[in-house]
Structure formats: C-alpha cells, structure tokens
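In the part that follows, the structures are each spelled out as structure tokens.
One chain, chain A, appears in both complexes that follow, with chain B as partner in the first and chain C in the second.
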Partner chain A sequence: MTASNRIWANLRRDRSGMTGLVIVMAFFLIAAGVWLGLLGQGWSLADGGRWEPASAEYWFGTNVLGQDIFQRAIFSVRTAFDIGLLVALLSTALGAVLGAIAGWYSNSWIDGSVLWLKGVLDSIPFYLFVAAVAFALQGKPWAMHVAMIATFWTTTGRLVRAEVMKIKSRDFVLSARAIGLPDLLILARHVLPNTSHILLVQTSIAFVAAIKTEVILSFLGLGVQDGVSWGLMLAESTQEVLAGHFNNFLSASLMLFALLMGFNLLADALQDAFDPAQVSV
Partner chain B sequence: MTEAVLKIRNLRVLMQDAGRMVPAVDGISFDLHAGEVLALVGESGCGKTKTAEAIMGLLPRAPASLQTGRIDLEGTDLAVLAESALRKIRGRDLSMVFQEPLTALDPVFTAGSQLAGVFRRHRGSSGAQAREQSINMLQRVGFSDAPRVMQSYPHQLSGGMRQRVVLAMAMACRPRVLIADEPTTSLDVTTQAQVLTQLTDLGRDSGTAILLITHDLGVVAQYCDRALVMHQGKIVEQATVDKLFRSPGDDYTAELLSAVSRSTSP
Partner chain C sequence: MQYLLRKSLHGLLLILGVTLVSFILMVWFGPDQTYTLIGKNASAEQIEELRHQLGYDQSFLKRYADYLLSLVTLDLGSSNSSGEAVSRILARTVPVSLALMIPGFILGNLFGIALGLSAARRRGQWVDRVIGGLSVTGMSISFLVIIILLQLLLSTPYGLNLFPVRGWQVVDLPSYLYYVTVPSLSLILVTLGYNTRFYRAVFVEESGKDHITTARAYGVPPAVIMWKHVLKNSMVPIITRIMFSIPLVVISGSLLIETYFGIPGVGKVTFDAITSGDQPILKAVVGLTAVAFVLIQLLTDLFYRLVDPRIA
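Moving on, here comes the complex of A and B:
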C-alpha cells in the first residue's frame, strides 16, 4: 500500500474528518460557482425594499439598501477562499523556505537572522501590525494579504526548522552528499519533501486563520475594500441588530461558523492521517 | 603489487570537544590498491569513521573540525580540492556505504528513483537509460525481482535489501574506491554474509579498491586481503590478514585477537 493510499484509508475511517471534508467540498463548490460567474453575481444589486424578510425571491431577506443577503453571503464564500488559499499557500511556502534554510544552516548567522525576524514579527500585536501595513499601503486591497503572509509564516518556519535539523543528521542526507549532490539540491529534494506532513497541516491551519482574520479585519474596516465579505456584512449588521433585523448577522456568522468548523474537523483528521509515525519509517 | 589508487599520508583530524581540539585521527598513512579489500579494524571511538569521513570530505566544517595531510586519489589531492570539484568525484570515483541501512535511503522516494538519480547525475543518463541501468545494477547485487524493488519505498524493504540497494547506489559508477563503514553491523549473520559477499565480488569485478571498516575480526579473516589496526587515532599495525592472525606484531592487536577467541570459545 502506498503512502497516499494509507493516508486516505486513515482519513476515511475518521467520521468527523469525513464530515469536515464534505462541508469544505460544498463550500469549495460554491466558491468555484462564484469564480465561474454562475452564483452570487447579483450581490451588489439594490433592487429590493429595505429589510425585506426572507422570501422566495430573497432567500435570506434584504439589507438596509435592499440588496439580497443570500447573494452577498454566497459571494463572500469566494472572498473567503481567495484570501484563505492565497495566504495559506504563500505563507506556508515562505515558512518552508525560511525554516528549511535556518534549520539547514543552524547556529549560523543565517539561522540567527531568520530567528530574529521571526521574533520581531511575533512580538508585534497582530492587529496593530495590520493597521500599520494597511496605512503604509494606503488603501491597497492587498494590504491585508501582505500583513497576513508576513506574520503567518513564523509558526511554519519554526516547525520546519526543527524538523530539518532532525532530518539533516539522518544517514540519507550524508549519503546524498557522499553521492555528490550539492547542499541546496539535497535540501530541496530530500529534506523538504520529508517535512510535507507539517506543510500540509500548516496550510490548512493558515487557511482557517486567514479567513477568520479577514472577517475580523473587514469588520474593523481594515480588510476587504472592494467586494463583499462576511466581515463587511457583520459590520453592517451592528445597526440592524439593534433595530431587530437579524438576517445579515445570522447568515454571515452561520456561514463563517460552518466553514471554519468543517475545516477544523478536516484539519484535525488530516493531522492524524499524516502522523509521521504511521507514514514514514 | 600494483600502484596504489589511494594514498593517505600523515592524515590528522582534530575534532572540537568542549571547546578544545582533540585529535580523532593522529597522523596515519596507508596505501589502498586496486581490487583489494583492506580492513580498518579497531574498537569504537578509535577514529575509524573519522578517517572515512575525512577521505570523503564529509567532516563538519571548520571550526568544528580541522584536517591536515594528503589524501591522494590517483594523483589528485582531495584534501585541498574545492567542494564543487569534490562533488564530481564523490559517487563517481569515490563512494561510501554507511552503517545504518534503515536511514540511508530517503523514506519519501522509491528505491528505484534514488538509484536512477546516481546514473542521471554522474553518467548523464536519460530517464529510460537510468531505469535500465538501475535494474541491471540491482540484478548485480542479487535481486531477482529488480523491477519490483525499483518501485518499493525503503520501508517496504528489509534491512539487508536496503543495504544492497545502498550498495548498488555506491557501486553504480564503478568507483575507484569504495569505503564501507561497518556496512553489516546492524544486520543478522546470514544477511551479513550475503551483503559482504556481494560487496567483495562487485569490488573484484569492477577493480574497485574497498576500505572495509569493521570491528568484527571474523569479517576481516573471511573477506579481507590486508588489515590496518587502529588504536586511539593511530595505526598500530599494518599486515596481510594471514600474518595478522598467525603472528600479530603489536601488543594491542594480540589483545584484540584474544578478546575475540575468549568470547567465541568460552
């Protein structure tokens, strides 16, 4: 049985993990639908009355401007996936590269610099940092992305660094050198692939963290500038809830809750399925 | 006797230990001839492995270790060679088999892809050529089901099988010199005999000089032509295996030999 087969078998035995997978797949299909222009395209159209209740035409009712809350909630899935995927992939890649280099050249000035950078970034309060980046980038829609990628890599970097330090003392690394492979090639081809279990789990954790952070930042007005997101819907709803209109608030928070819950279940199950004790030697 | 392939002259290795430099290898000299199997014997910590790592250029960088002396491989002094030039020689003219077969292969790649990598790197073979050469090489180290072994991941192979894959990788380019650092210590006795027979046969076939590092005098008697006895970083005796066992010239050698006979015939 190959490694991927075994991981799949482990995952399939895990009922909550499979529930998570189904939820995440469902959300992914919605996001794909929005990307392809099939769903949620009318999110900014204000053609309804103010605060209409749920009906056959407006499934979740309308907001203060008469916009369809269902369409907005659906379009926000795409916003969440855009940010989650981009930040998760880039921050994990950055963490993998910096962590691997630090671990490979451990106790050198390179390692010292990476650790110093990590220490500095970890010591800045996150929302302050985002606010500073957003201010420095003056209304650029990707200020939030930059801030998240610049801070999210540190955990991955630390884990990969430790794993690389462990792996580099194994005989197959010495063998690779004895066969005549250059250091960076050994690092890229034989050391980093052995940290894939960490990278996969970290990607899924960063995905969830990025979506959550995006909602909070958008709520605070530091996040999504063009488009709609659950965070913006929640920000709108602060006035509405006081007036007794819960549709905006409930649809944004329930969608967010369902996606994060599903993803956490999946991430937990993946962590178990990828347990290196069961996969490699 | 033929001209020596590898000439070691006055090799010294200093290792950093608690802030000061202690000699791990203390001025050793010896010759290794084509096609011969030379044993390097001695107790744990006498400097055998450090000698091997110094020859391969695999010692930790300064200041963790310092090395002086000549390591002459067919006229090239490896001790002063740049790392990039040394990389071309490693695996092609000079290769090494390590002690621990369980970790000597990368767990995330198949045995075949790792073996084929050697051919691609040093011979410039294409994918298909490398595969054919790999299967051929696996058959030479005694696998009857080479195509299946090619597709196996290291954890699917037994210790003896892995060590033979490692041996195939080390011998892939018919190196001039092969250093085997206790290649069979972690294997059981039958597997050990199998691997060592394969090792010495392959060496003889391709004219490779083998430096076999071991602490097992039984292995020395059965597989080696000559032996170096090492003690506290120095070579205390250098002799043919016959002479070594018949009339050891050094007190330490005699002590080593008697230790074996005591433990095998109580």
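Moving on, here comes the complex of A and C:
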C-alpha cells in the first residue's frame, strides 16, 4: 500500500474527520456557486423593509437597509474562501520556502537571518502589526492580506525547518548530493515533497486563522473594505442585538462556526492520518 | 556569563528588528503628516519649518536613530488629535488595560491546565473525548461572537441583565468586579479551547516518559504522579506558552475588548489612533509593546536557567 493510500485509509476511518471534510466541501461548493455567479448575487440589493423577519422571500429576514441577510451570508462564504485560500496558500508557501532554506543551511548566517525575522515578527502583537501595515499602505484593501501572509508563515517555517534538518542527513539526500545535483534541485524535488504532510495541515490551520482574523479586523475597521463578509455582518449586528434584532448575528455566527468547525476537524484528522503515533499539539 | 551575553545580544538584535519594522511601516512609509498638522494658508517657510521638525529632510538612519532615542527616553511627542503627551496617555491607560486583562488571562491558563490534566489523566476515556470535543468547539467560535453572546446573556434584558453593557467606572472592588466580569469571561472562553488542547498534549507527552512509568510501577498514587511528576516537569512548556501568548492574548485582546466595551485602556487609545491616523501614539504603542515583549522573552530564558539546570 502506498503512503497516500494508507493516509486516505486512515482518514476514511476517522468519523469526525470525514464530517469535517464534508462540511468543508459543502461550503466550497457554495463558494464556487458564488464565484460562478449562481448564488448570492442579490447581496447588496436593498429592496426589503428595515429588519423584516424571516419569510419565504427573505429566508433569514432583512437588515437595517432592507438587504436580504440570507444572500449576504451566502455571498460571505465566497469572501471567506477568497481570504482563506489566498492567505493560507501564500503564507504556507512562504513558510515552506524560508523554512526549507533555513533548515538546509542550518547554523549559517542564512538560517540566523530567517530565525531573526521570525523572532521579530512573532514579537510584534498581531493586530498592532496589521494596524501598522494598514497605516503604511494608507487603507489599501489588501493591507489585511499582506499583514496575515507576512506573519502566518512563521509556524510553518519553524516546522519545515526542523523537518528539513532531519531529512537532509537521510541517505537519499546524501546520495543526491554525492552525484552532484545542485542544492536547489535537491530541495525542490527531494526534500520539500517530504514535508507535504506539514504543509497540508498548516494550510488548513492558516485558513482557520485567516477567517477568524478577518472577523476581528473587519469589526475594527481594518478588514474587508467593500463587499460583505461574516465579519462585517457581525460588526453590523453588535448594535442590532441590543435592540433585539438577531438575524444578522445568528446567520453570520452560525455559518462561521460551521465552517471553522469543519476545518478544525479536518486539520485534526489530517494530523492523525499522517502521523498516528504523534501527540497532536 | 557567556550565556547571559549571548542571550542579551540576541535580545538586542530582536529589539533592533522590531523597532526597525515599526519605524519602516509607520514613520518611513507612513503618510506625510505635514498637511494634517499645518494650518490653512501656511507659507512656504512654515511648511519647510514643520517638515524639518518632523524630520522629513533627514536621512533614513538619522530618523531611525531619532525614533530609537524617543523610545529609550520615553520622549514620545504628543497626540495629533488631543495634544496630550503620549507618555502621559500611556501612564493613564496602561494600568486600566492590565487590570482588565490580567484576571481573564490567568484564569484562562489555570482552567486550561486543570482541564488538560484531567483529560491527560484519563487519556482515551470519555472524559478525555468530551474535553477534546469541547476544545475544538471552543476553537471554532470567533472572539467577536463570544463577546456578543456573553453580553446578550449577562448584560441585557434578553438574558440575566446582571452586568453593564459597556463602560468602566471603577472606584473600588465591587465596581471593579461589576465591570471586569463579562470581559474576563470572554477572554477565558476564547482562550480555553486552545489552552486546554495545548496543555493536554504537554501532559500526555510527559506521562509517557520513563520516570513516570517507573513511578507507576512503584505504586505511587496517580494523583501524586500527576501533581508532583507530570505537572512539575511540564513547567518549562507551560511558562513558554504563557509568555509567548502575551502579545496575542493580552495586547491584541485588549484592542478588541476595550473597543467593544468602550473601556479607556491602551487598546481603545490605539484603536482611536488607528481610525484617526494619529501617528505619534501608534508608533509609540507598537514600538514599546514589541520591545517590552522581547524583554519578557529574555527574562523567561533567564528564569529557565534558574529553575532548570538542564537548560544551557
């Protein structure tokens, strides 16, 4: 049985992991529907009354402007995947590259510089860093993405660095060096693929972190600038709930919870499937 | 001694790094302040004069050195919007934030350790599985959602209506408890899932070690093993965890909690500075907190050295 078959078999047996996978896939289908223009397109249309209750026309009621909360919650699935995918993929890739280089050249000045950069970024409180980046970029809509990618890579970098330091003394790497393959080729073809289990788990963890961060940043006014997201809906709801209008709050928080739960369950199951003996942290 | 020197050098390099990052983002690339600060119909000389005061005609290194000097001497200038000295603003607001955040931060870790211990003790049994499931659930709820829910349940007529919706009029212990409870509970709930899971993993790993097996074989009662051997030997990861979560939980948390509950701490001041583009406050807060955190890390390292002779 090949490694990937064994991992898949492990995953299949993990009931909560499979639940997570199904949830994530369901949300991904919704996001794809929005991308293709099939779902949630009426999210900004203000054709209802103010705070209408749930009805056949407005499934989750309307907000203060008379917009359809169901459509907004559905469109926000796409916003979440836009942010989550971009941040998770780029930050994990950055962590993989920097971590691999640091691990390969461990104890050199290159390694030292990467560790120093990681130490610096880990020392600046995250929301303050976002504020600083937003300040420097003068309110550009992607300040949030830049800040997340620039800081989320550090965990992946640390894990990949440790793994590469282990791998580089293994026989197949030593043989590759002995026959004179260039360092970069060995890293890209033989070393990095062996860290894919770390990268997969870290991507799902970074996805969760990105969506959670978007919510807080949007509430603070540093997040999504135009469009709609669960964070913006929750920010809207903070005043509404005190007046007894719960539709915005309930739809955004429940969908957010379902997606995060799905990803967390999936990340756990992936971790266990790759490495059943290891105690997950 | 050599260890001390190496650690200090390491800390110094980190401090240079964090100050450099905040300098580049907020001073070097930051928006030009000239026209926010100067009045209408300013003459060319006045503009020139102000630009000179702000250091815009200086070199990168000179301006970075000035920034460093201002952090060291705590001569941080004054707020663009209120004109109050930044050092006075900080002296007024930092104690409020500490009083607000410390109880929840400590309790969140204590509860996490307690739950982690009870799960690790019954590894694989239903208690462990329930605690594990609750942790993942906790990790999947947004901080903002927790705050809104607790506010609804505890501070409004829709729930128990026991505590204030927002504000901070603290004069004595009862009023302190009155205002601090809901924010603290939010902080505990948002950190508890992550803490429990982390501490459980630490304790499970420690329980698998040889000296624990030996102690068990000698018939040492399980409770004694947990308290005396597992917990005590896990102190290094526990302290590391606590120290390293300070910037995320305490500082970033105070930004959200104080903004939400309208509490006049350093987080609220920072939020206002973000929305109004008040550069002197922002660069002081970012620079100082990052430096303070590097110092905390340094002290933690030295502390390990004191409590655990194995660490070199």
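By our rule, the second predicted complex is superposed on the first by the 275 of 281 C-alpha atoms of A that agree within 3 Å, B and C clash if a C-alpha of one lies under 4 Å from a C-alpha of the other, contacts with A are read in each partner's own complex, and residues count from 1 in each chain.
Assume a residue touches a chain if its C-beta (ideal position, glycine included) is under 8 Å from a C-beta of that chain, and two chains touch if they have at least 3 such contacts.
As the structure is a computational prediction, the values presented were derived from the model and not from experiment.
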**Prompt:** Is this a clash or a fit when chain B and chain C both end up on chain A?
**Reply:** fit
**Prompt:** Given the touch rule stated above, what does A:Ile216 touch, chain B (first), chain C (second), both, or neither?
**Reply:** second
**Prompt:** Touching A:Ser175, do we find chain B (first), chain C (second), both, or neither?
**Reply:** first
**Request:** Classify the contacts of A:Asn194 with the two partner chains as first (chain B alone), second (chain C alone), both, or neither.
**Result:** first
**Prompt:** Of the partners chain B and chain C, which touch A:Gln41 in the superposed model: first, second, both, neither?
**Reply:** neither
**Message:** In the combined three-chain superposition, what is the angle centred on chain A between chain B and chain C, taking C-alpha centres, to the nearest 10 degrees?
**Reply:** 100
**Request:** With the two complexes superposed on chain A, say which partner A:Ala132 touches: chain B (first), chain C (second), both, or neither.
**Result:** second
**Request:** Check the contacts made with chain A and report whether chain B or chain C touches more of its residues.
**Result:** C
**Message:** With both complexes superposed on chain A, which partner does A:Met261 reach: first (chain B), second (chain C), both or neither?
**Reply:** second
**Prompt:** If you stack the two complexes on chain A, which partner ends up touching A:Phe249: first (chain B), second (chain C), both, or neither?
**Reply:** second
**Prompt:** Just how close are chain B and chain C at their nearest CA atoms in the overlay, in Å?
**Reply:** 16
**Request:** Take the contacts of chain A with chain B and those with chain C, and give the residues found in both.
**Result:** 280-281
**Fill in**
In the complex, chain C touches chain A at residues 13-14, 17-18, 20-22, 24-26, 29-31, 136-137, 139-145, 148-149, 151-152, 156, 158, 165, 197-198, 201-202, 204-205, 244, 247-248, 251-252, 255-256, 259-260, 270-271, 274-275, 277, 279, 282, 285-286, 289-290, 293-294, 297
**Complete:** Within the complex, chain A is touched by chain B residues 56, 58, 84, 87-92, 95-96, 98-100, 102-109, 117-118, 121-122, 153-155, 166, 169-170
**Asked** Which chain A residues qualify as touching chain B in the complex?
**Response** 2-3, 170-172, 174-182, 190, 193-194, 196, 280-281
**Prompt:** Of all residues in chain A, which touch chain C in the complex?
**Reply:** 116-117, 119-129, 131-136, 138, 208, 212, 215-216, 219-222, 231, 234-235, 237-238, 241-242, 244, 249, 253, 256-257, 260-261, 264-265, 268, 279-281
